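When the chains are written out, they are named A, B and C in that same order, and each has its own residue count from 1.
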């Protein structure tokens, strides 16, 4: 039995052409029974595997069977009184198919030739002067279009998180000195009073940290105040 | 360096999608003509200079630029306004994917209001709608009778003309789209499985028939054969 | 036509990534230099011919092709192997026999419906049609006036570009049925019916002429060949 690989056939017509060519059969006198036999053998390979493709092949099998039966019957007569060959339709279909199949081979060579041409790859650096002729560039574009476009860009652009790094113009050491200087004659100061002159949030935070540092180092102490939300900072001698 | 490489280098730079570096050029040549080829980076630099002189002398409208450690072709600045016109024309001609999406929705569901459109697309569609109106691909056809009486959008005759359609009903129907665009992967997979299956099967079959000489079909066909006049 | 336009036309074609049609060139020139400019399509054709002669005489590695109704610069085929090594073209897969067959039928009989196509091919063609639509080699152009009003398929400019044709009428003529009928080739196998045979042969020829001694690339190409998609 002849080994057949399915992917070499684009369909039942292709397969029939293959049989005809392989066995050097005459297309105008197709030995229907022999071809049908070959075809059925092939169909047997296909039928369990793919219904869709097999569908096309089954249709052809049915057609072949029908032709075979009609070959046994007395020939039909056409209007001109000539015998109609039951194979005529099939032959016509085969020739029509072959006609374009041939051209697909031409296409194959055209494709191969065209693949040898390579097109230009990089257009980025071509100097383009686009701004001088406003008439061309801004045709049909109004101020309204402009703000619309601008708005769209703003809307479409997801807000990027901004990580701004700002150098503190203030140090903990400075603020420790600041606290010491504020203790004054009484050697003490209320927390709110200490902070009241500080305008920037960062300064308040740094001063608070400086205060904690000083408490930790034992240079100052903290005690309750009689005011709500306040406390007293007092200096410790010999810190 | 062999002179034929002038032309090879020129072709390589021409066709490259990115600035082409001398090592890449050398690599390509050695890959094709063997590692013994003695072409150097200096040869390439010299070739590029020669090519540029040749372009100049012959009044050719482009040149080879050296940028980012590589070479690329570019048109000379003299014609920048013409080239610029062409490229802006091109970008103006192209519909963005978003516009196309909007256009498709309107085409299939017309007449359609903006709220309906936006509820389908899930995004604000003012911009794409305006683009389409401006390009005269869609137009306004009155107002809906629903609350707020929103404007109704339909496609234009230009739309039909552009897509070669006689009437809106000539658009591919969802059923037809389905048919043509059947899950490709699925079909491809099926085809592959089928092919390898048939191949194996064919080999098996070959063996079997050689050994046994009497599979079902054959006998069936033999019967058939006996009843046939060829 | 003013001689300076030689250079402008050259720059315009060089800077365009798609085949540039004569109307596009004329339009660009008139936009910049005013509508009174008297440049014609014949002028452009003549210019392109002159440019190609100049390129030839000066041994320039590329040429202007007339394809897909327009003009585009392309490398001469001589250096395909070097360029192919570098470019992504090499990985671009060729069309499968089924796709070529389907394309041939649409190209010659366009506009063509799917039922007509399938009756000539004898197989369901959804998958190949979808592939060709996806690759923009064919497109839908309205509906036939026949029963069921099936969609009509035609080839695109991309098709022309892919096969290097200027227009559809430049396709090689298929043989008449009567010619095929008379032809003894049918028995003589001059024409191969199986594409795989043709493919191997073409690949062989290509390899012989292009890649004389390079085994590595040879095997790569063969692999490529095996990977053809529909």
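Here, a contact is a pair of C-beta atoms (placed from the backbone, for glycine too) under 8 Å apart; a residue touches a chain by one contact, two chains touch by 3 or more.
Since the structure is predicted, the reported quantities are computational estimates derived from the model, not experimental observations.
*Asks:* Measuring from the mean of all protein Cα atoms shown, which chain centre lies nearest?
*Replies:* Closest chain centre to the overall C-alpha centroid: B.
*Asks:* Comparing centres built from CA atoms, which chain ends up most distant from chain C?
*Replies:* If we average the C-alpha coordinates per chain, A ends up farthest from chain C.
*Asks:* If you average the CA atoms of chain A and of chain B, how far apart do the two points sit, in angstrom?
*Replies:* 14
*Asks:* Return the distance between the CA-based centres of chain A and chain C, expressed in whole Å.
*Replies:* 27
*Asks:* Give me the residues of chain C that touch two or more other chains.
*Replies:* As it turns out, chain C has residues touching two or more other chains at 14-15, 31-32, 62, 73, 75-76, 83, 87.
*Asks:* Which residues does chain A have that touch at least 2 chains other than itself?
*Replies:* 7, 52-53, 118-121, 126, 128, 133, 136
*Asks:* Would you mind writing out the residues of chain A in touch with chain C in their complex?
*Replies:* Residues in contact with chain C: 7-14, 17-18, 20-21, 24, 26-28, 52-53, 55-56, 60, 92-93, 95-121, 123, 126, 128, 133, 136.
*Asks:* Inside the complex, what are the residues of chain C that reach chain B?
*Replies:* Contacts found on chain C: 6-8, 10-12, 14-16, 20, 24, 27-29, 31-32, 54, 58-62, 73, 75-76, 78-79, 81-83, 85-88, 126-127, 129-131, 133-134, 140-143, 149, 151, 213-214, 216-217, 230.
*Asks:* Looking at the complex, which residues from chain C come into contact with chain A?
*Replies:* 14-15, 17, 31-32, 62, 65, 72-77, 80, 83-84, 87, 89, 92, 94-95, 97-98, 100-101, 103-105, 107-108, 120-124, 162-165, 171-172, 174-175, 177, 180-181, 186-187, 189, 191-196, 198-199, 202, 206
*Asks:* For a test of understanding, state which residues of chain A touch chain B in their complex under the given definition.
*Replies:* 1, 3-7, 31-34, 36-37, 40-41, 44-46, 49-50, 52-53, 68, 71-72, 118-122, 124-130, 132-133, 136-137, 140, 148, 152, 155
*Asks:* Inside the complex, what are the residues of chain B that reach chain A?
*Replies:* For chain B paired with chain A, touching residues are 11, 14-19, 65, 67, 72-77, 80-81, 83-85, 87-88, 124, 126-127, 130, 134, 190-191, 194-195, 197-199, 201-203, 205-206, 209-210, 217-218, 220-221, 224-225, 227-230.
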